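Below is a structure I'd like to ask you about.
The letters A, B, C and D name the chains in turn, as written, and every chain counts its residues from 1.
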C-alpha cells in the first residue's frame, strides 16, 4: 500500500507544477485531454465494467455542453455552478436512455446508441429550441477569469492555467469517485452483470436498477466532461458534436484499456494528440491512419495500454 | 392528392435504396450474427470502383457486373483478413473492428478518388414508362433492380447447395462442420454477398445522390431502420422495412414534423423497434439458450 | 578550449549586429523576419466537408510558386495549413496552435461559418489579423465591432438582394419557392431575398429546408413543385444543387431557376446535374469558372492554366475550388506586398483595408476594393445564364461601385 | 486391418485436459462402444476422432493419419457424426437437413435415391419432410440425426448418446435400427453411451473410460459378464 501512496504524491506534485512548465497553448490542449479523460471514464464504467456497448456517448457530451452553455448564456450562471446541473441533467437523460437499453444487448445497443449519435447534431438545430440553443449560430461563452493574480517561473496565471486547475480538481474528484464506485458493492454488481447476467440475477442483484444506474452515472460523467469542454473551448455549435466524437470516445476507452480506471487517461491522450500526428502523416486521409492504429491495437493488444502495463507488471513480478 | 402521391412515390424510390442497404445488413447478420457498421462505406468504395471503370471507357453493364464481382471478392477478403481473427472475441471487439473499417474505407474513398462530386450515369431512361409524373425512370429502374436482387438472393438460399450450407452454418455451426461444411468460408461468403449487394445499392443510389465519399453517411441509418423494422434475420422483411421507412419518412417529413427532423424519425424507429418488437415485423423469434 | 570560445562569441556578436541594424529599417511582429513570413490557414481536410480541403491545397501550392521565384520583398512565405474536420472545437485548438505555438503573423482564408464563428472573438482579443475568411456570411465585415476580421467573397445577403431585384424587374408577380440549407449560409440568402423583395415578400409562396445529412432533396422538390411556384430560388451546396437541378427536370417542373453562386461550379454541379437540365438557370459569380469553355482563350484563364500546370501538376483544371484558393492566395500576396518591410499585425490589417486591385481570374469589371469602413473586398457580381454548355454573362456588373 | 486406430491420444476441452494417453481401435464392420460416467471424457473422445477438439497423439482412419486434419476433410473420407443433443438444424426443413447430410457428395441422383431409402426406413420423416425440423419430437429428431449422418454413406458412424432424453420404447426402436444399419449396410459404428446394458447388447467390443483414462477393455460379452462392472455401472 505504501508504494501506491508514493505514486500518488509524486503524480500530485507533477500535476500541480505542470501548467507552469508549458506554454498557454499546451495547457489548453492538456485541459481538453483531461476533459476527454472524464468522458472516456464515464463510457468505461458503462462499457468496460458494465459490458453495455455505447456508440452514442457524444450525445451526452453534447447535452452537458449545451446545458452549461445555455445556463451561462441565458441565465448568467457562473461556470462552476453549471457543472453539477449538467451532471444532474445527464444523469436523468442517461437513466431515460437506460430503460430502452435494458432490453438491448451487444450489437442492438451499439446500433441504438449509434443512431442517437447521428441524430443529435440535427436535434440541436431543431427550430423549436433555436432561441435557447442559438440554433446553427451556436453560443459564444466567456471563459471564467482567474480570481487573483499570480506569477511563477515567469508565467502569469492565465485563463488557461486557471481553467487547468478547475479541470484538474474535477478530474481527480471523478476518478476518485469512480475508483470507490467500482470497488464497492455496486461495482461488483456491475461486473457480475457483465460476466454472468443470469447468474447475477439469481444471486439477487436487481439487474434493472443496477443497469439503469450505471447508464445514468456513465452519462453524468460524460455530461460533466461536456460542460467542462464547452467552458474550455468557450463555444458550442451543433457541428461540434458530430458522430465521429462518439467514435473517438469508444476508441479512447479501448486504447486506454477497458475495465480500468487509469486507462481513461491514456485513451484521452490518444484521441487528443494522435489526430494531429495522423494529420502530419497524410493530409488527405488522417482518419485512415487513425483507423489503422485502432485495428492494430485491437489485434495486438486488445487489453489496451493498461492491458500491456499489467502484462509487464505481471511479467516481471513472476 | 397530387402532392401526397408524389411523396409516396418518392418515398418508395428512397425506400428501394434503404431496402438494398437493409438487405446487405441482413446478409451479414444471417451468416455472422454481427451488424456491420462499415456496410455503408464499403458500398461507397465499390461504387467509386464502378465509376472509375466507366470513366476509363468501359460500358455501363460490364462495369456494373465487374464491380459486383470485385465487391464480392473484396467482402470475402475483408472477412478473412480482418473479421476472422476476432470471430471468437467478445462483441465489443468486433464492433470496434467494424468502426475502424468504417473510418478506413471512408478515408480511402477520399484519398484515392478525391472529393470532387462525381456524376454517375443511370442505365435507365429519364422518363419512366409507368406513372411518369410521380416517379423518374431511374427510380423505377432501381426499384426493379432491388426486387431482382431480392429474388436472386431468395433463389440462391432456397435452391442451391451452397445457399443451404450457408443457412445451416449460420444456425448451427457445430453440426455444419460435422457434415463437412467449412464454416469459416461460409461466413466469408456471407460477407462477400453483403458487399456485392451493398455495391448494387450504391450504384443505384449514385445517379440520384451524386457520388462523393460521404454519400452513404446519411443512408446507413435508414438502412439499419429498414433491416430492424423488417426483422434483422429475414431478407424479405428488410426489403419491406425499407419501403415502409422510405414512405413513412417522406410523409412524416412533409405533413407532420417538418423535413428538418427526418433523422430523428430513423432514430425513433430504430429504438422503438428494438425495444417494443426486437425481432421486427417479420423476423423469427430470437431464442437464446441459457 | 578557450580559442573555440572566442570564435563562437565573435560570430554571435556579428549576428547580433546584423539583426540589430536591419531591425531599424523593418518592424516585425511574431511570425515575420528578414527571411520569412509565416501565415496560418485552417480548412477541413477530413470529415463531412472534406471537399473544401482542396482550397487549402491550392493556397499552399500558390505560395510554393511564389517562393520558387524569390518570395515577396525577399522573404519566403510559409503557409501552415491545418485540418479542423469542420468541427468548431478543433478550429479553436488549431487557431491557438497557429497563433501561440507556430506564432504566425496572421491567419488567412479559414473556411466555414460555424468554424470561423468559434474563433471570431479569440482572434480579435489576441489582435491577430483574421483575413479573407472563406464564407459569405454577413457578419464578417464589421470594422468597428471586430476590427481584426475580414471576409472576401460577396456576402450572401447582397447576392440574395441581386436576385430579388432581377425577379422584381423581370417578373413582378412571380410566385417564388425557396429550397435552402438549414444553417447560417442558407438563412443569409433567404434574408437577402426577403430584404430585396421588401414589401412584396408575399411573392414567396413556399420555403423548404434540408439537412446536410439528408440523403436526397427529392421530397422537398416535390413539395415545392406542388406549391405551384413559377420561380425557384435554389440555395444549396454543390451536391444538393445538382440533385435539385436534375430533380426539377425529372419532375417536369420548369420554373425560372435562380442558383446561388456557391454552387455555380460547372465541373462539380452543372455537368453532373446534366448540362441540358440546367438550361436557363440564372446564377452569379465573381470569378471565372475554369471549367467554362467561354474563357478558353481569355488571357487571365491562360495564365491560371499555366499556373495550375506548373504548381499543381496532374490536378483537375476544371475544379472551381482551386480557383477559389488561387483568388484568396492572390489577396494574401497583395496584402504582404503592400506591407513592405513594416510586417506588424497592425500594418497588415491596415494594408488589407486598403486594397484596390484586379485579378486575372476575377470576372471583367470585378475587383478587390476595401477601405477602413468597407471590410468586404469583393462586392460586385455579374449575373449569368447557363446555355447548356457554359455560363453567359449578361447585364452589367451589379453591386456598389 | 483396423478401420480406426488411436494411439496415446490426449485431448483438451477448452483449457482443461480431458483425455490422457488413450488407446483404442475399431475393426472394419464392427461396433465398439465407449462407456463411462458423466465427465469421463466420452464426448471429447468422439470430438477428438473428428478433430473438432484440440488433440495430441496419433489417430489413423482407413489406414491414413488424420490427426491435425480439418474436420471437413475427415468427413469427406467417410466419417459421419451424430453429435450429442442431435445437432438438428431446427430452422431448416427435414428434407433440407437430409440434403445437408449429403453436402460433400457430388452424385445428385445417388442423394435423392438415399433420401427415398431414408423415407422407407423412417416413414414418420416422410410425413414431416417439409416441416421445420425444430418442431419434431425428440425421437423423431434422433431418427433425423442418424438419417442425416447416413446420407454421407459413411464408412464409420460416430454416435454420441443416442438414447439421451428418449422414452425407453423409442430407445429400443433406435437401437434396433442401428443394428440393422450395421448388418445390412455394413457401417461400422463407434457408440458412446451411458446406458451400458443397451450398448453392450449392440456392440461387439467395449472400452471403459474413467476420468480420461481407459481402465478396462475387451469383447462386449466378457464386460457384460464381469461382476465389478455390473455392480458399479450397470447397477444390478
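Definition applied: contacts are C-beta pairs under 8 Å (C-beta built on N, C-alpha and C of every residue); 3 or more make two chains touch, one makes a residue touch a chain.
It should be emphasised that the depicted structure is a prediction, and the values quoted were computed from it without experimental measurement.
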| item | value |
| --- | --- |
| Contact pairs, highest-scoring chain pair | A-B |
| Chain at the geometric heart of the assembly (C-alpha centres) | B |
| Most distant chain from chain C by Cα centroid | D |
| Centre-of-Cα separation between chain D and chain A, whole angstrom | 55 |
| Gap in Å, rounded to a whole number, between the CA centres of chain D and chain B | 42 |
| Rounded Å distance, chain A centre to chain B centre (Cα mean) | 33 |
| Between chain A and chain C, centroid-to-centroid distance (C-alpha), Å | 36 |
| Set of chain D residues in contact with two or more other chains | none |
| Shared-contact residues (touching 2 or more other chains) in chain A | 118, 122, 125, 284-287 |
| Shared interface positions of chain C, touching two or more other chains | 46, 48, 53, 182, 211, 213 |
| Chain contact topology (line, ring, star, complete or other) | other |
| Interchain pairs in contact, sorted by label | A-B, A-C, B-C, B-D |
| For the chain B and chain A complex, residues of the former touching the latter | 33-35, 37, 82, 85-86, 89, 91-93, 95-97, 99-104, 106-108, 110-111, 114, 217, 221, 224-225, 228, 258, 260-264, 266-267, 270-271, 274-275, 278, 290 |
| Chain B-touching residues of chain D, taken from the complex the two chains share | 50, 52, 70-72, 75-76, 80-81, 83, 87-92, 96, 99-101, 103-104, 148, 152 |
| Residues of chain A defined as touching chain C within the complex | 23-26, 28-29, 32, 118, 121-122, 125, 136-138, 140, 229, 233-240, 242, 244-245, 279, 283-287 |
| Residues on chain A engaged by chain B in the complex (per definition of touch) | 47, 51, 53, 55, 100, 103-104, 106-108, 110-112, 114-116, 118-119, 122-123, 125-127, 198, 243, 247, 250-251, 254, 258, 282, 284-288, 290-292, 294-295, 298-299, 302 |
| Residues of chain B defined as touching chain D within the complex | 161, 164-165, 167-168, 171-172, 174-182, 284 |
